[in-house]
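In the two complexes below, chain A is the common chain; its partner is chain B in one and chain C in the other.
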Partner chain A sequence: MTSIPRSVSALRLPPVLAGYLTALSRGLLALLLPLGLLLLWQLIAEQQWISPQLLPPPTQVLDSLLELYSSGELASNLGISLARVLWGFAAGSAAGLLLGVAMGLSPRVEAYLLPTFKAISLVPVIGWVPLFILFVGIEESLKVLVIAKAVMVPVAINAMKGIRNVPVGFFEVARLYRFSLWRTVRKVVLPAALPSLANGLRLGLSNAWMALVAVELLASSEGIGYLMVYGRQLFQLDLVMATMVVIGVVGLVLDQGLQLLERHLLTWRNSAY
Partner chain B sequence: MSAIGTLSLKHLNKSYPVKGQPLSVLEDISLDIQPGEFISIVGSSGCGKSTLLRLLIGLEDQFDGEILLDGQPVKGPSLERGIVFQDHRLFPWLTVEQNVALALENSPLSEADKRDTIAQHIELVSLTGFEKAYPHQLSGGMSQRVAIARGLVNRPRILLLDEPFGALDALTRAHLQVELQRIWQAEGITTVLVTHDVDEAVFLGDRVVVMQPRPGRIKRIVPVPLPHPRVRGDVRLAALRDDILADFSDAPRETLIEQPAPLPQRFEDFVLAW
Partner chain C sequence: MISLTRRLFLAGLALAVVAPSFAADLPKVIRLGSPLVGTGNRPVGAGNSFANAQIKGLLEQEFQKDGIKIEWNNFRGAGPALNEAVANGLLDVFWEGDLPAIIGKSGGLKTKLLLANGRSSNLYLAVPPDSPVKSLDDLKGKKVAVFKGTAVQLAAGKVYAKHGLSERDFKSINMDTATGNAALTTKDVDAVWSSSNILSLEDRGVARVVYSTRKDPQAQSLNMQGYVFTTEEFEKKYPEVVQRIVNVLVKEAAWASDDKNRNALFQLWAKSGTPFSAFKRDAEGISQKEVQSPLLDEYFVALVRNSVTEAQKLKLLRGNLDVQGWFEPKYLNNALKSQGLDNYWKPLDAKGNAKL
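== the complex of A and B ==
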């Protein structure tokens, strides 16, 4: 029995290297399923089990992706879409933060607004599009409005919950040191609620991206979602799938980027709660 | 130095409404505390000792009777009274230094003076070198030291301690009791310690106020006529402890917990202008 641990310890890697290896192996595990699906897809296409008009092979999708890229169509459409997300996200998160903070701080504001807010938020973004089209037309303002609505809801809800969950003891500390309301909000409420606020913003961003694609599918003449509609109308499914890949990758990058930023800014939270 | 810091309580009564009926939690508390004195208040849970401290610090202002600090009635929180809670209540997003600085937000001191006094108080609680540490990096005992530094940094006239070592392990607690004795002697500040640990009460207090529950009232006040700094093994302390413990020798009455005192409202306490 005693010889076994010794042989194991002889094999032990330096901790840093071992850490990298675990991270790497976890990354590989995550890739296993998509790689398997990719192989299956290639197999189906090669064997022609499904007609290539319906299911173009991965290589063809890659080709049209590269073509989109080299023709500059990808960059221009993606740029338009990202600008829409940016504006919608900015407007929606500003409105959501304002609303959520007000509802979190004041039970009276909550009593006035929350039921209506919930009712509005329960109608999905797509359900608002017909009404919004009548009000603001189908130009840029429609996209920004739809995205802003999708962002506002999770941002407001998380801001409110975050503030509600600030420990009562922290408010008492603020009272002991005679903080004004504004100082209490700035020095106590917002920092304490920051993890929850960050969560809301992240949810909001991923909502924004999904709402963007939805509204571009419905009413747009440019943008990444439009590219997909265009591909479908021409029955170029390789184009449709190429845009799907782009949408997925960009969504992932946005989410991970924000998560990275959050982890960097909120180091104190890592083991505080 | 400590000519100020006289605290007197006169016929203090406090009750909470429970099911429409007033439930008395403190009944006729009268106590005079001398400048620089260390008072321990000891009692079983539910005897209102923490409520008493909340009245003294000004977190609750609904009561009958008078609380006078140097002749002035106590009304609301003030920088002249410092407090340390059992849960240290440090803000996890601030460093040790910033947490202590929090107490000085409304202080009239200049920035340079603030920096000096913060450094002095961190040194007073023996945490020099940990200024940039975050609360999650500190042990329970270290956190409580930071809380003591925060409670003292405004140089209040009186320091209130609400079971400050109640959540610590026995060894850390014993060590911090000695530390507290040293800090109290160095500062010469009037101190009120609420605790359920009779050993702690006797070891630190110049006088020990023994409280009785339902309703909370003073049973008796036991002087501890031993000079500081005290030695833990002192037989005279042990004798006093046994004497006080005899007051609690009755088995606690087995009753269901009464509705706990309502927590103070939080944001309604601020007058909001929406």
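== the complex of A and C ==
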């Protein structure tokens, strides 16, 4: 039992370096599965178990990815998609926060809104598209609306739960200090509910990205989801797979980026407790 | 006892070896594909002899005595969806418009082009009836629905190029035929590119045609063409079946080419849901004998080549395509000879003039 820690300590790595090493090995472990899948994919393509028109080899997908990049098509379509996500996310998280905070603070508001809100949230984003098309047509406002709806639900629910879980004692202290409602929210509720809020925002952002791709597949003339439809229509499955790679990577970057930001912003909290 | 079981076993083995070669002469089922659906998604096409064969049940009649099942597949997703089915090995004989056919072939589908199936389908651009749009230029920056990956997209691209425009000058939205027509009536799009079926919307007063290749002097090189294919695999296995299918289609093309059958032809196509009047207007002043000619003459080859170069220019096609190696005219020639139709359709040279 003791021999293992001894051998590690024998290396006498400075703790920072050891930390990097574990992070590195974890990163390598995370890469094992994709690498394995990549090898399997290459094998399937080489052996032609699936017709190459339907499953192009990874090298061809890489080629079309590079071509997308060098022609500037990737940047322009990705830019359009990210702008849509930004607007939808801003609108959706604002609405979600407002709704969640209101329902969290007031049991009466909750009693009025929560059942309806839950019913609405249970209809998947795609289910709203036909109705939204009738209301706002098929242009930008449709995309923003669909994304906003996808963002609003997790943000509101997490905000509500976060506030609900603020210890009652905090409110008592606030009342003792005769805090106004606004001050209570700003100084007590929001800081205490922050981790849950951040969680909701992160979920909202990944929802936003997925909703965007779904709505761009349906009715669009530009954007990353559209690129995918276009590839399929022109029988260029390598283009379809290249856009899948881009969608996956961008989604990961968004999620990890927000997680980093969250960790950075919440450091004060760790020292405070 | 032992020798008997052994003999039975050997007999069974011999049968198992021989049986597939018997089966190879005739398939159990012929899987046919068409990129057209009618109104309300009904499996009915229009405009060519392949569609006629489906409506009239001609291939069912032809293969009934052999007990061969005829299976029709009409794709709402049109050519792009049909190509995917071919790549999956789900179709034996099918027809497609020029662009998806070219894209499929250059993408590696192993197909043989057997005969022409409609040489010149008119293209229309329609807007809502109260739209102020009068020409292509008025539509710049507006939402235009086009069914991407189909012959309509290539023909629209050719028209744009002719007017010094490109798809990028518009918000080109991918919509299938039914969705595009619906979006025009609800004014969700400012215009839609379509084939003759749009004329039924014009009849009902919910669309107005602002441009058509019909009146264009270069109509033939702008218009859409259709080709009939079989897969290389099916052709190798069942050449006689392919011959019989081509015979049926050529005979039907001759019927459709005859001007005295004109009304009957349009009535037949009206089963797709697009009314008789639309087909009549679309074909006004156009000889069906020219449009329905199944010939793979120099002119037709030139049309295919033109579609390939245009598709390359528009970046709809990657790489090149060996057009000549794609044709398999022997079935067509046999059919023409056996039905005494050698001189019925006049072969044209590459420029479209009658050959002497």
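We take it that the second predicted complex is superposed on the first by the 256 of 273 C-alpha atoms of A that agree within 3 Å, B and C clash if a C-alpha of one lies under 4 Å from a C-alpha of the other, contacts with A are read in each partner's own complex, and residues count from 1 in each chain.
In this text, a residue touches a chain if its C-beta (ideal position, glycine included) is under 8 Å from a C-beta of that chain, and two chains touch if they have at least 3 such contacts.
Quantities reported herein were computed from a predicted structural model and do not represent experimental measurements.
Trainee: Could you tell me whether chain B and chain C fit or clash when both sit on chain A in the superposition?
Mentor: With chain A aligned, chain B clears chain C, so fit.
Trainee: How many degrees, to the nearest 10, separate the directions from chain A's C-alpha centre towards those of chain B and chain C?
Mentor: One gets 160 degrees for this angle.
Trainee: After the superposition on A, what does A:Pro191 contact: first (chain B), second (chain C), both or neither?
Mentor: After superposition on chain A, A:Pro191 lies in contact with chain B alone.
Trainee: Have a look at where A:Pro52 lands relative to chain B and chain C in the superposition and call it first, second, both or neither.
Mentor: second
Trainee: With both complexes overlaid on chain A, does A:Lys118 touch chain B (first), chain C (second), both or neither?
Mentor: In the superposition, A:Lys118 contacts neither chain B nor chain C.
Trainee: Could you look at A:Val229 and tell me whether it touches chain B, chain C, both or neither (first, second, both, neither)?
Mentor: second
Trainee: Just to be sure I read the superposition right, which of the two partners does A:Gly137 touch: chain B = first, chain C = second, or both, or neither?
Mentor: Once the two structures are laid over each other on A, A:Gly137 reaches chain C alone.
Trainee: Which partner does A:Ser220 contact after superposing on A: first (chain B), second (chain C), both, neither?
Mentor: second
Trainee: Looking at chain A, does chain C or chain B touch more of its residues?
Mentor: B
Trainee: Could you say whether A:Arg26 touches chain B, chain C, both of them, or neither, answering first, second, both or neither?
Mentor: In the superposed model, A:Arg26 contacts neither chain B nor chain C.
Trainee: Output check: A:Arg263 vs chain B and chain C. Expected answer is one of first, second, both, neither. What do you get?
Mentor: Once the two structures are laid over each other on A, A:Arg263 reaches no partner at all.
Trainee: Please give the nearest C-alpha separation between chain B and chain C in the three-chain superposition, to the whole Å.
Mentor: Once the two complexes are overlaid, chain B and chain C approach no closer than 40 Å between C-alpha atoms.
Trainee: Starting from the residues of chain A touching chain B, keep only those that also touch chain C in the other complex, and list them.
Mentor: none
Trainee: For chain A, which residues are in contact with chain C within the complex?
Mentor: Chain A residues touching chain C: 51-54, 133, 137-139, 219-222, 226, 229-230, 232-236.
Trainee: Any idea which chain C residues touch chain A in the complex?
Mentor: 80, 83-84, 87-89, 100, 103-104, 107-109, 143, 148-150, 171-175, 183, 188-189, 316, 318
Trainee: Okay, in this complex, where on chain B does chain A touch?
Mentor: Residues 57, 59, 77-79, 83, 85, 87, 89, 91-94, 102-103, 105-106, 134-136, 263-264, 266-270, 272, 274.
Trainee: In the complex, go through chain A and note every residue touching chain B.
Mentor: Chain A residues touching chain B: 102, 105-109, 167-173, 175-179, 181, 183-184, 187-188, 191-192, 194, 268-273.
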